[in-house]
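Please go over the structures that come below.
Two complexes are shown next, each including chain A; its partner changes from chain B in the first to chain C in the second.
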Partner chain A sequence: MDYTQFLAMKQEIWLLIAFIFVFLLDTFMPKKDQDKVGVICCLLFGLLTLRGFCPTVLGDQLAFGGMYETSTVIVNIKNILNIGVLIVMIQGLRWSAQDMVKIRRGEFYELLLATLFGMYLMISARHFLLFVIGLETASLPLAAMVAFDKHRYESHEAAVKYVLTAVFSSAVFMMGLSYVYGLTGSLYFSNIATALTAQGSSWLLIVALAFVIAGIGFKLSLVPFHLWTADVYQGAPTPVTSYLSVISKGAAAFAFLVILWQVFGSVYSQAWEWMMYALIILTITVGNLFAIRQRNMKRFLAFSSISQAGYIMLGIEAMNPMGLSALMFYILVYIFSNLAAFGVIGAIENATGKVYMQDYNGLYKTNPRLAFTMMLAMFSLAGIPPFAGFFSKFFIFTGAINQGSIAIYVLVLIALINTIISLYYYLLVVKAMFISDEESTVAKFNSSMSERVAMWICVAGILCLGIVSCVYNHLLAIAA
Partner chain B sequence: MLSNILIYFVVIPLIMLAGLALCRNIKQIRTVAVIGSLALTALSVYLLVDYLGLRAAGATAPMLYTDSWSWFPQLHINMAVGVDGISVAMLVLSSIILLTGSFASWAINPMPKEFFLWLILLSTGVFGFFISIDLFTMFMFYEVALIPMYLLIGVWGSGNKNYSAMKLTLMLMGGSAFLMLGLIGIYYHSAPEGGELTWNLLQIRENAAIDRGWQYFLFPMTFVGFGVLGAMFPFHTWSPDGHASAPTAVSMLHAGVLMKLGGYGCFRVAIYLMPEAAHDLAWIFLILTGVSVVYGAFSACVQTDLKYINAYSSVSHCGLVLFAILMLNTTAMTGAIMQMLSHGLMTALFFALIGMIYGRTHTRDIRMMGGLMKIMPFLAVCYVIAGMASLGLPGLSGFVAEMTIFVGSFEHTDMFHRVFTIVACCSIVITAVYILRVVGKLLLGPVQDEHHLALTDATWWERTATVTLIISVAAIGCFPNFFANLIKFTFSPEIFAVIGMN
Partner chain C sequence: MDITMIYYLVPALIMFCCGVYGFITRRNMIAMLISLELMLNAVDINFVVFNRYLFPGQMEGMFFTLFAIAIAAAETAISIAIIINVYRSVKNVKVDDLTEMKN
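After this line comes the complex of A and B, so read on.
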């Protein structure tokens, strides 16, 4: 065996080293210094994130007999996830210092790194066996994280729901895989693709694809596989919710793209184009319509993130490099915008325990900075210029239309009309904070240093990512 | 980048934003707002003079001061700027209204700092829109100009403000959803097969690669998209509610400038880039805008709230702008631009005066007021002047604009155009009805409320705002040829292919 192959897995290996280091640190650190674990972990992960940006000369590379692939695009998507995880970690510092969580905070960071490792594998896998290992490695620690507030009933409920859906969706997914295996005789992405190019589409393949797409649809919470989302988001501790809504979704979306393009790319128009049309329309519309009625901020963002996933899917539907770059950019911008929103929700929850939209009434008068951050996040999610969300939406639509058919124009029009619906409920939050007259139930408070740092990062991202064009230009260059 | 004069129309508002963010008290805020908008006015007047100089010296390019800076090169998105006579006129209009708007909101309360921040952000969008010739940046600035309206109306507005703010924002953004699809579609058909795609207006026009079939799809998209902001029937319903609830300066800026974005976009993007579809489909939109003109005027007759009256009159007048543009000939289109300028100034004057009256009487219901001429003669006289401009008294701006439009419309000899021209002409009479009704009820007649006798006349900043606007309205009315010359270069068959088709 050629051991230099492991060099291709640099990012995974560094992550593993970080994981082991945090584990040892957590276990052997004297009790009185325990409060430093979180900070050390953030610093360590910050270094790891920075390292990811150092140019690697590897380029595209297959390892382990074609089971594992790394390329510039993959390295970049992992970097994007790293940035998100870093922000989540910083946001989690204050929460993990609470009395009930304090003794277990090391575990929080370990679990976080473990799921990230699973997502890395999902993204890099070029064999379905490795992919499923990655999927499970990503899901199971997440269930533990959802149940982290073990004194809270909702947290339990959410964890049970999450575990059951995760297991069920994996089963559905593997059911689909067994069909694919039966049709093509292989689980290697490249072999399946070759076999499918030769044999074309068939009813059996469509059934297989339905299962595969449903399986990943659960992870991405696409409608109609979204029913777990709101409850889990509401029940989970806020840092975990934010992790679920951005990182987990981003990784799954990218893995979805790889599977659909690389494995089933040749049967695009015969087999899954129309399935995706239906899914996208349903996801965006249902997500938006349900979000309007929500009053709990976490449930609200759950439905908003469902509809955002629909927009991300537009990048997959595009089937061209522009779609790929737009998808990466969308995920990046979505990370910053959504984490800014969760940062504010988390800060308010930590300080006052309030999570309902009416609690935000008049927030601008008591906590102008938080309200301002939240407003930026909402505008960015709604796609209002000059914030980053506008650019990501514009590019994902441009990328989709590049595909060229009349149907895609109709699809984009539906998506665009949906942005107006989404603008309505995002503006409801802005209205509560800036316009509503009622006395705010959130008194003036100072958010902690870590929360502020995380919010500053997010705000900087929202303001700069779009206008500073080099980010998207870079993504477009590597995708082409 | 900074060597181009046009970019300062965006740079100055940005500096103002930064300056406002640092302000500590109302005095500093006023100083920043006034100095900034004075600088913008000076800049736009300088641009006007310089532009005319260049044209007189024989510059024949469709746009002058063009420049382009690469932004997203792989997508061919540039920050491209350039102006012709129409954009220059619009820039002058915007800066005057921003200046007078700053004076009109001299005593805004509460949160003056935030108010001016949003107002300046809005005007950044407006100025950016008028200088852009790249569809992407144009669209971006367009949306930048729309969203501050929500907070401006929601926080500082009056009446049913939550409802109005949401309705206005959603309807305008709904329009821009169609617009976005239209623009992306134009981009993908901007060059012949295999050619380099572009967002640049001039380049797209030069390529003329959008085939008729696609034009039939993209033209309605863009026209309706911009038309929503131009208060085209049946998408005008945001306008009365929005204007009625908005604070004074916002009504001024919105009716005076922002609604012009719609008209401007309609001919600059929809008609300019897709002449064939414009020629073939104009009749559909002529019907709709014809309805706007008459319906808006009739609605204004039965309203009792001053702002609603004026908002419906805006629907009618802005409908006339789109109506004239759709006549697709040089005279009528020139008239449309004159009407934009005229309506912008005069409606800003109206809203400023209504704001000032409302600030004193605390009611806008004309049934509750009367005899204001005795109590506040200055404001009342200004109101009469605005009214006269609106119903088209010669010597003021309304007359020249409407005259040009109807003369242009009558150049069409077919039945359809004739009928619609005559129908639209009726609006002049109806306008006289509602203007004179208000003047009679509000300014003349007996005093309705004893408390009103104690009210004071205009303060110095209010006088500054109104006098500036009146001078501008009179200037257009007295020297229409100056403005017609400024505009005429653009509306020629060489530039607007559609004009040659009739």
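After this line comes the complex of A and C, so read on.
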């Protein structure tokens, strides 16, 4: 065996080293210094994130008999996820210093790195065995993280719902996979693609594909499979919720794209174009309509993230390089906007324990900076120019339109109408904060240093990403 | 009598459907976990049978099954741990009692 191929998985290896370091630190650090564990993890992971941007000479590479692939696009999407994880880590510092959590806080960072490792494998896998291992490595530690607040009943309830649906979805996914294996005789992405090009579409393939899409649809919380989302998001600790809503969703979306394009690309119009078409319409519309009547901020963002997942899927439906670059850009922007919103929710929850929308009434008078950050996040999620969210929606629609069929025009039109519906409920929050006359129930408070840093990063991202066009140009250049 | 592939595939499919049915109808979390186990094992049977009958020259399906068994064990371990946590806090393992967050 040629051991130099391990060099292809540089990012995984660095992550593993960081994981082991954090583990040793957590185990052997003296009790009195334990409160520094979180900060050290953040600094370490910050270095790791910066390292990811160093130019690599390796380029496209296959390793382990073609089971693992790395390329410029893959390195980029991993960097995007790294940025998100870094922000989540910084946001989690205050939460992990609470009395009930702090004895186990090292575990939080270990689990975070372990799930990220699984997501790396999911993204890089070119063989379904490696993909399934990555999927499980990503979702099982997440279940433990959802159950992290041992003293809170909601956390248990959310964890049960999460773990049972996660196992159910992977069983459905693997069932579909077994039929694909029976049809094509291989689990390599490339071999399956060749076999499918030769034999075309069949009813068994369509059934298998429906199972595969349903399995990943659960992870992405696309609409017929979204029922777990709201409860899990509400019950999980806020940093874990933000992790679930951006990082795990972004990684799954990219992996989904790779599977559908590389493996099932040849049966696009016969098999999955219409399945995805229906899923996208349902996801965007149902997510929006349910978001309108939510009053708990975390549930509200859960439904908003369901409909955002629908927009992300538009990039997959586009089936062209512009769709790929738009999907990556959308994930990047979505990380900043959603984490800004979760940062504000987490700060208010940590200071006062309030999570309902009526608690935000008149927030502008007591905490103007938090209200302003929240407003930027809501504008960006709704897609109001000149914030980044507008550009990400614009590019993803353009990518979809470029596919060219009449059906896609109708799909984009429906998505556009939904953008207007979503504007209503995003602005409800802004209205509560700025226009409502009621006295604020949240007294003025100072958020901690870590929360401020995380929010500053997010605000910078929201303001700059759309205007600094070289980011999108870069993504478009590498996707082509 | 010749035992062809269909004699394995149909029971596996029935097993899978029983698992789905059990997962949806059972209200006890342990019973739901058993149903999930049925579904995962149906997948394993499928892989082994396809490998044995259709592609006897290679081992890909067998290896996938081995890994799938290990993964199923990990999943069960995590689920049981979480269910025990729930039992400690509500003294019950019925899903009907876990509806606090609906409103």
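Definition applied: the second predicted complex is superposed on the first by the 480 of 480 C-alpha atoms of A that agree within 3 Å, B and C clash if a C-alpha of one lies under 4 Å from a C-alpha of the other, contacts with A are read in each partner's own complex, and residues count from 1 in each chain.
Criterion: a residue touches a chain if its C-beta (ideal position, glycine included) is under 8 Å from a C-beta of that chain, and two chains touch if they have at least 3 such contacts.
All values reported here derive from a predicted model rather than from experimental measurement.
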Given the superposition on chain A, are chain B and chain C in a clash or a fit?
fit
Could you tell me if A:472 is touching chain B, chain C, both of them or neither one (first, second, both, neither)?
first
Touching A:430 in the superposition: chain B (first), chain C (second), both, neither?
first
Can A:379 be said to touch chain B (first), chain C (second), both, or neither?
first
Which angle, in steps of 10°, is spanned at chain A by chain B and chain C when each chain is reduced to its C-alpha centre?
140
State whether A:153 touches chain B only (first), chain C only (second), both chains, or neither.
second
Would you sort A:100 into first (chain B), second (chain C), both or neither based on which partner it touches?
neither
With the two complexes superposed on chain A, say which partner A:412 touches: chain B (first), chain C (second), both, or neither.
first
Would you give the minimum C-alpha distance from chain B to chain C, in Å, for the three-chain superposition?
27
Following superposition on chain A, which residues of chain A contact chain B and also contact chain C?
none
Chain A-touching residues of chain B, taken from the complex the two chains share:
71-75, 136, 140-141, 143-144, 147, 150-151, 154-155, 161-162, 165-166, 169-170, 173-174, 177-178, 180-181, 184-185, 187-188, 217
Write out the stretch or stretches of chain A touching chain B in their complex.
322, 379, 384-386, 390, 394-395, 397-398, 401-402, 404, 409, 412-413, 416-417, 419-420, 423-424, 427, 430-431, 434-435, 469, 472-473, 476-477, 480
Which positions of chain C touch chain A when the two form their complex?
16, 19, 23, 29, 32-33, 36, 39-40, 42-43, 46-47, 50-51, 54-55, 58, 60-61, 63-64, 67-68, 71, 74-75, 78-79, 81-83, 85-86, 89-90, 95, 98, 100-102
Help me check something: in the complex, which residues belonging to chain A touch chain C?
128-129, 132-133, 136, 140, 143-144, 147, 150, 153-154, 156-161, 163-164, 166-168, 170-172, 174-175, 177-179, 181-182, 185-187, 230-231, 234-235
